[in-house]
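Look at the two complexes coming up: subunit A is in both, with subunit B in one and subunit C in the other.
Moving on to the complex of A and B:
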């Protein structure tokens, strides 16, 4: 076990241990007899002889709480454990085998839920007679279906996962799959369920004891104490307070332990929290004076950072590019290159954890005004979004609201930017423009009724609804089949021809797609721009080793072996000191590892971040 | 049905139906993910199965390993029908056939060390005791190009490409003869993709594995495979040697698929994209399933299902098209 796990479990673990030890030690502690009555001093307050006072029969409260803990804790813990074992077994079997097994396990367990709990308990007591054993038995029956349901639901979602199928493919026996693969992975919600059940069992124990179905007076139990104190609540409120405190405290400590246990058992650790609102208020440094007249979009020196365990990490560093009206720029890179973050920054849609720390994004709107999008207040940004700036996302199925008809989602986009009349006609016109067959019917359809390619067409229709100046497409064809991808690329090319002056930034990882659609290409690696230039030139003669390697690793041509780039993209928190590509570069020299190269112009309109660009073949 | 006798694994007339959720007593509409598919993989051969989503290629992979039973047809492993084998025999046979998944993030148990997961196969099949298996893990890690000291780590500490290597190591641990790789590189970055494709090619050459490589990327298949099977809506459209199919695709669907695949070499030269989309398998077109999108479709294509037949003049190549002889 890791040291951090031990630390996380230490406090709640010690507290639970303390409660258990005190309860166990009751016979050897110098306590008054918990059942000895002293009616003369009934309801008297705390005194030297009776630290917590005396109850309605003059019995010592402290002694009764500690002795009662034995009964309450044992009953609750044993009942919860029994319920957990039986319920989990039923649920996991039902969820894994489905069919008839599901019927006789989970469904039968659920029948128990149909009975009122007290009625069921009465039935059990009538059959078995009152006592702690009966109490445990009836509580276990009551709580087992809860475990069965949770285990069943978790098993259902886990059994379809690849690593479970992998075990089957390896030839593992069912028993091994159930207990070695499924059980550990469905455990976290069951652990939470367990802590809730122990708490609920303690409370229910009090109710059943009160009815004479569980612990029989005068033996102490927290439930009996609460019930007894209720009658004299007005004269001696503290009598109610002590058992309640014991019950609440124990339940809280138990919950804490189970929560920590669940976190410790998760190998990925706790998700890092997002920084608060105040963290985002840190002002950006003032924008540098623009180096050149902005075209449609000029991004300059953009740097984004996320908080890391050892200070902020720059995930995007000094990214700059320009986009002229009517031009298509492809931003290419692998995962972790910062291409998507760059796109989201332009739209003002960065996740909360990512903060821009330097740079400027100058954008010329439809009104001819130049704005710095990085410093624009949110209300103004919102009025630009969907009108001057539009975006298409990768996954068309999650970008549409499943509960709204397609027509109304498009109409909403139009209305949000002031279109009032003839909205329906405009919607139909847009759907026709993006090539949906039968646009009237499509407008009345729900997103799940049309295919993935058609959903992407709808997203494109929404994006161009208000005639944007800049269209940002983030991997718009990655989730689609190649034949549909070809259709969408053709559609985007048509739209650009039709909407004169609309610029497009196309984020993708696929170089071949770049060749199909873009005029210029920006290659990113590990958060930096490594090469920029016209597509034809860059592909014909790359001036950065990474671009060259990417092109070479495309599975095309007749070469027997693919040219792979060794190693992997460095993690943002462990960037090499010099050139970020140097560890994987075949051309890397000492100088490359020592100094980070700057982006230099290698030809008119072309730049490369490489010290040895002249040698890139 | 004169498949060569030396086929290691052979699927004959495989049909697989899925049922849409019906009521309590009705089974719902059957959807045929596979319809009468014949496929054979010889020892040491790499067969590529290509097609778009919904063509049944992943289902075929799982049927070949009997992770799903076929609704009709049979799968023979060295001539033995997997369906008639007793459960224990089948489990023992699983040592010799393995699966590599598409998603390297979902195919490894997040709660167990990669070493334990690689050792699983050896322990399950009694090839080694726990301790012996653990001793062999470093060698397997080295074989797939990973640091042998990483056995104690958990899957989340690895990148996508490294995880896929771990999944390959797990599949190799039982020294299988047959591996089904279901889109093993499509979730990976281009530069990493090449690493994994090369790894599979090397392992195949070294160990003489029979490989069924399922992919939607024609270019990758071309690099790795000897033969290619092109599928569409649960049926085989065309099969033949990889080199031949890429040099001169015969079936209209294969041609369209190749033309639609963007390529650095033939930029902008793509023909008009294929119209429409793959129909739903719940309502497949009558006759030839591809006819709704085919540029060469004629009325007779709607009437009868074309059978897979040898292309005149090209021995090993077979295509399922009524107009095979007339295509330009």
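Moving on to the complex of A and C:
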């Protein structure tokens, strides 16, 4: 367990321990008898003999609070333990054997969840009569299904894991698998559920006792004390205060412990950080006014970093490229190469954790002005987004809001950039332009009513709605069927021809697509540009071993056999000191491992980040 | 949409029938004789003759299926039988008290949503900020205070000490609408302390989760202003889990207002239930359980309809 987890658990843990210890120590503490009455001194205030005063029968309040903690904690803990044992057993059996066993264990247990909890507890009390035993029994029935559910869900996901299947294959006995292998692995969420249940059981126990249907007087119980003190509220309001404080305080520390436990044991549910877009998407401090930029987009020295356990990690380093009007640039690389982050930086849509630390992105807008997008304030950036700059994302099914009609999502794009009249007609026109068969019907459809390829057409329609200068496409065909992929690529090519002067940056890991659509290609590896040049030249004669290896691994290539690239992209926090590709490179020499090569021009319009580029076949 | 509603209604009616049958089975299949249990107060064995007389009166000596048909026939006519304590028709008493409980639950739900939803959104917008931390800490506290403690302390402070409101009670709406509402607000607000904290938490985490979704980033890429993104692309999507949670809690409140009704002397269904449980009046307890469970099923039906209104995908599912 990490030190931060221990610190998070320390405060509530110590407090819970304190409550438990005091309750356990009740018999050895020098306390007055909690049930001895002293009617002569009823309702008297705090005194040396009775620190918290005396109740309506003259009994010592402090003593009753501490003894009450014993009763409440015992009932809650025993009930929770019973529920945990029964519920976990049902859940594990149901999740492991499935089928009929699941029906008679988990599903039957869930019937209990269909009734309001207090109602069910009252039903049990009707059948068995009030008392501590009834309380434990009814609370256990109430809370067992919760454990069954958690254990069932966890067992379902754990039983398919390798270590369980391995044991089955080895012929281990089922009992052994269930209790020695499975149970320890599903324990963390069950521990959280247990602390949650103890707190809930305490609340229910005190509630029933408060109604007079729980713990039987004269046993001290916090619920009963509150019930009793209500009658003498006017004369002795403090009498009401103490048990309320004890009960609330105990439940509070239990809940706090439970929240912390959940964060430590089950980090999945931990709240995400601050959402990215509400503040600004990070603008760098202003720099000297941009000089006249060549072309449409000039990215220079772009470096992005994310916070890591040992200081910031550079996930994109010193990336630069230019894009001329009307040109299509393909940005190619494996997952983790930084190609998508580069695209998102241009749009100003980086996740909150990723920060640009250096570089500039000069963009020539429709008005002819040159802006540095890395330093543009958010309101100006927003007016460019969806108008001068547009982006198409990878998965069209998650890029559209499922709850709004397609036409309405296109219309809002037009309205956001000042279109007021004839919005509906323009929406229909856009849908027709991207080749949707029945544009009127499509405009009134919800996203789930059309196919994946058609959804991507809608996303393209939204992107070109305001006549962008630059279209960024982030793997727009990856999530689609192969036949649909070709149609979408053809559509993008058509649109670019129609919108003369629109530049396109096409992020992909698919080299076959690059050959079809792009003029120039930028190859990225581990956050760096490794090669850049015209598509035909790069394909014919790559000047970086990584590019060469990518081409060799293309199924459509002419190579007689496919070559896989050995190894994997290094993790961002464990980058090699020299060339980042050296560990996987067949040409790597001593010099490659010692010094990081710079991007050098190898021919007019072509560059490579390789010391031995001349030797690349 | 209409077909969807009709289909769901059929399923719900089927469930009501199952619940009614289950309730019938519970009374007849639990170990022990209801008549004997009723008469054995304080652990003293009852007089066999009295037990036999009661069995005869309750129709327990008939064959099980005759009893079932009689019982179901009674239910169809809205007849829940007579109270064992005072021979008063149970259906009449339920009809009198149920609206009061529904009113209390409805007002509590309304207050919780009115406070929980906007505050949850506000906290999510500035997650990690000062407002979020204060509200989240408050919610953690509010969730830990048992509802009868809130109610009792409210009576102590607001009614006894400050004399701002009366300690509880009930006045029919027709007699004095203002006073009726004033008396309703205290128990409703008491429930809303905890329920509002639940709504707040769910709304907050739901908004945070939707903000991370792809379509929000896509909307941003189209140049929409933050206010428009929140209104059109976050709120509606974030509402579904809140509807579920509120409905679930309102459902359990139908039988769970016991404590609050007790604290504030609100003469609702729950008070009737406690009285029935104390007297072990089986026909009463079962009638109340049946009504509450039926309402629970119908509430789920309404939630399904609400889902269909919020999310078009559900209508076709």
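What we mean here is this: the second predicted complex is superposed on the first by the 428 of 617 C-alpha atoms of A that agree within 3 Å, B and C clash if a C-alpha of one lies under 4 Å from a C-alpha of the other, contacts with A are read in each partner's own complex, and residues count from 1 in each chain.
Operating definition for what follows: a residue touches a chain if its C-beta (ideal position, glycine included) is under 8 Å from a C-beta of that chain, and two chains touch if they have at least 3 such contacts.
Computed from a predicted structure; not experimentally measured.
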item	value
Of subunit C and subunit B, partner touching more subunit A residues	C
Touching partner for A:509 - first (subunit B), second (subunit C), both, neither	first
Touched partner set for A:395, first subunit B, second subunit C, both or neither	second
Subunit B versus subunit C as contact partner of A:347, first or second or both or neither	second
Partner chain in contact with A:386 - subunit B first, subunit C second, else both or neither	second
Contacts of A:18 with subunit B and subunit C, given as first, second, both or neither	neither
Which superposed partner A:216 touches (first subunit B, second subunit C, both, neither)	neither
First, second, both or neither for A:126, with subunit B first and subunit C second	second
Touch list for subunit B against partner subunit A, complex	52-53, 65, 67, 91-95, 97-99, 101-103, 106-112, 120-121, 124-125, 154-156, 159-162, 167, 170, 174, 189-195, 197-198, 201, 216-217, 219-220, 222-223, 256-257, 259-265, 267-268, 270, 273-275, 277-278
Of subunit A, residues touching subunit B in the complex	161-163, 165-173, 176, 181, 184-185, 265, 267-268, 334-335, 451, 453-454, 481-487, 489-490, 509-513, 515-516, 539, 549-551, 553-557, 560-566, 568-569
Subunit A to subunit C touching residues, read off their complex	114-119, 122-123, 125-127, 199, 203, 206-207, 210-213, 223, 226, 230, 233-234, 237, 240-241, 244, 247-248, 251-252, 254-256, 259, 271-275, 277-278, 347, 349, 382-387, 390-391, 393, 395, 398-404, 409, 412-413, 416-417, 446, 448-449, 459, 462-463, 465-466
Touching residues (chain side subunit C, partner subunit A) in the complex	30, 32, 37, 124-128, 140-141, 143-149, 152-153, 155-156, 160-161, 205, 208-209, 211-226, 228-229, 232-233, 236-237, 251-256, 258-259, 262, 273-274, 276-278, 280, 282, 285, 289, 292-293, 296, 310-313, 316
